[in-house]
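Shared between the two complexes below is chain A, which pairs with chain B and chain C, respectively.
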Partner chain A sequence: MLKIQRNPNVMWREESDALADAQVGLDRGDDIEEVGTAVLFSGGAMLSINLLGTEIWKLCDGRNMDGIVKELFEQFDVQEEVLRADVQAFLEDLLKKGFITHEE
Partner chain B sequence: MELASPITIYWDLPKGSKNTDFHRRICSDILACRPLMLQLYFPDIRQDDGRLELLELLNGAQIAVTLTVPVDSPGNYLVNTGLKELLVSVECLDNLSGVMKSQALSGISYSVNRENWRQLPELVKYCRNNDVNRLVLPMQRLINGEIPFFITRHEQLELGSSLVEAGGSKDLNLTIHDPFLWRAFNPEIAFPQAGCQAANTMIYIDPTGTVYPCPTLAVSLGTVGELSLKEVIESPAKKEFRRRLLEAPEDCRGCEDLFECRGGCRGRALALHASFDGIDSACQ
Partner chain C sequence: MKNEIMLEAPITINWAINNSCNFACRHCYSRNDTHDELARDVLFSCIEKVAKAGVLSINFGGGEPLLHPYLLDIASFASGLGLRVSMNSNGWLIDAPMAATLKAAGFTKIGISIDSHLPETHDSFRGMPGSHARAVAALGHISAVGIATSISTVICRINNASVKDLVSFALDNRAGQINFHNFKCSGLGLSNKDELDLSPEEWKVFYRSALAAKEREKGIDVSLDDPIIALLGARDTSSMVKGSVCGKLSLNIKSNGDITPCGFIPVVIGNISTDDLRQVWRESTVLDRMRNKKPTGKCSGCSKYEDCLGGCTARALALTGDMNNPDPHCWGTEGSESESQ
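Up next is the complex of A and B:
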């Protein structure tokens, strides 16, 4: 299975205030999908990603898709197939934008 | 997308290496704001310059530092200082002769103005012929009442054609801040930033420590020393400024290009009209 790696040319930062807000919202059961908790920047393009996206991004360290899903499944209260579909869609978008690479 | 803290900080240092304590303070303020990129400009620099200590302070931090120095300054002593890029600042093609021989140099920062903009196709050709793949067209500094530079729509078309005739710029790693110069270089690609990013993704510190939304936008947000940079960035004045900037200029209402250009360069329009509601003249 392909190993997923962050593109080393991408600069990124977690947004600590937004992260705290997202955690509070999550505990309250709010919809936090639109809360950007990290910002990625590469080649003039900027991308704001939400809490789940940030956690996926941080796990793009050479793990494969199964490894990422397994790790997140322990953190988030969600059905595995729903999580897998979200992770896959997010990674496909990152790959298209050149923010991650795939390695054999 | 509105950010709590900018990802790019521009900092122009004054001439000479006095006041290093103050510069160290600014440096640590910058580090506290965790930008992703720092664009430093040294108007002069020597091998024994005390300001090189600032590069040491920044080295190792998770910040991509670009240093721009005058054409007669670059030296191999700037190798291994942790810089992501070292650019040489020029305003004339004649200054370029042999300039890229320094191993430390990454590319050219070319300050475009009314006198030299027609040299851009020649510059692009120079870059291609001399294996220079990095070219930055920096933002004009308008904080001291300088006359804003722009090229008209007609001139943008002229420049676009000349660039095509010169072989195009597609192999260059090019940074263009002016949305209308961008259009001349990239007629098929929309400007990548969603409107003016002054005081959002970027902030500018001038040689005195005064903080501006961007180098082109002459509205002081505060001064480092009186406040920390973080306090300036988090201030109600900065938030109100940003709120105002997100409103489209009154004179652009109804324009079919507004969705794409979002008022163009708001600093230039402010300098020309003394109002946030005026049209960026490069649009006309």
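Up next is the complex of A and C:
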């Protein structure tokens, strides 16, 4: 299975206040899908991503898709198929935009 | 998973580390600015402060940054803290050994200012015979050591009709990018505006041809930083902030540590040696106004306002005194629709 790696040219940062807000919201059971918690920046392109996106992004360290899903499954209270579909869609978007690379 | 976000700190600092220069360019915005410079130890602690605040990259400029006595030490220190370090230079001082030294100091990208593909035009504009040849040589030395190169060209009357030639020139010199900077009307740019700036109609013609080159040339990134290209239906709305990036992604720091929203807006909102960067970023009323511009005049009825936000804030402020006024370069008329490419 392909190893997923962050493109080293991408600059990125977690936003600590937003992250804390998202964490509080999550614990309260709020919908935090729209809360941006990290920002990725590459040349002219900028992407702001939510808590799940941020966790996926941080796991793009050479693991494969199964490894990422397994790790997140332990953190998030969500069905595995739903999680897998979300992770896959997000990674496809990142790949298309050049934020991650695939390696054999 | 894409969301709106209010950044807690700038992504990039444009740091005009000095204002001294070995050239005498007619469009310079900084040569007549303050010549006070931060002491070495203060500069180091300011770099540390910037890194701690969460800034991701510093682009050194000036003046000519290579004339600063500690640039290399400062850059090494910044890159050692994990900051991405780049610079804009006129290239005069970059020979092969200097390029290797810059690489060792951690520079990942260097922009060389070149105003024309024609050596004699560039040299006379910059007041420095032989400067074109040295700028071209610098590009070669920089890419030879593996630093990304770009060419920075401020568009004005001497080069507005030369888009094709400039792009071919950049390709011939294997630059990764050519940046067509809009003419800002600050500093000497303002004093020499009548002689150098284009009319709105001429800006339209220029941007049409620059956008066509961007579309056509796949071997180079043709970069345009002007929000008014929204009027040609060209802004990639999904990936960048709307309007000017100044005060939304970046800030400017002057040689004496003063913080301004961008290099072309002479409004001091703090000083890096004495103020907290995140606090300035969060609480500055000037930044707040820049981030929440209100359409006035023809912008009120413009279908592109959402993307353009009235164009370049610095230019509106410099020429009209009000940052909310329509960008004086805008060729749109009341209620004008965009034209697509």
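Brief remarks follow.
Assume the second predicted complex is superposed on the first by the 104 of 104 C-alpha atoms of A that agree within 3 Å, B and C clash if a C-alpha of one lies under 4 Å from a C-alpha of the other, contacts with A are read in each partner's own complex, and residues count from 1 in each chain.
Just so it is clear, contacts are C-beta pairs under 8 Å (C-beta built on N, C-alpha and C of every residue); 3 or more make two chains touch, one makes a residue touch a chain.
Note that the structure is a prediction, hence the values are computed from the model and not measured.
Partners chain B and chain C, brought together by superposition on chain A, clash.
Judged by the touch definition given at the top, the superposed model places A:90 against chain C, while chain B stays out of reach. Once the two complexes are overlaid on the shared chain, A:22 sits clear of chain B and of chain C alike. Judged by the touch definition given at the top, the superposed model places A:34 against chain C, while chain B stays out of reach. By the touch criterion stated above, A:44 is placed in contact with chain B and with chain C alike. In the superposition on chain A, A:52 makes contact with chain C only, while chain B stays out of contact range. Of the two partner chains, both chain B and chain C are touched by A:11. In the superposed model, more residues of chain A are touched by C than by the other of chain B and chain C. Comparing which residues of chain A touch chain B with which touch chain C, the overlap comprises 11-13, 15, 17-18, 36, 39, 41, 44-46, 48. Those residues of chain C that touch chain A in the complex are listed here as 1-9, 11, 54, 56-57, 84, 221, 223, 236, 239-241, 249. Looking at the complex, you find that chain A touches chain B at residues 11-13, 15, 17-18, 36, 39, 41, 44-46, 48.
Residues 11-13, 15-18, 33-37, 39, 41, 43-50, 52-53, 56, 90, 93 of chain A are the ones that touch chain C when the two sit in their complex.
Against chain A, in their complex, chain B makes its touches with residues 1, 3-5, 7, 34, 36-37, 64, 175, 192-193, 201.
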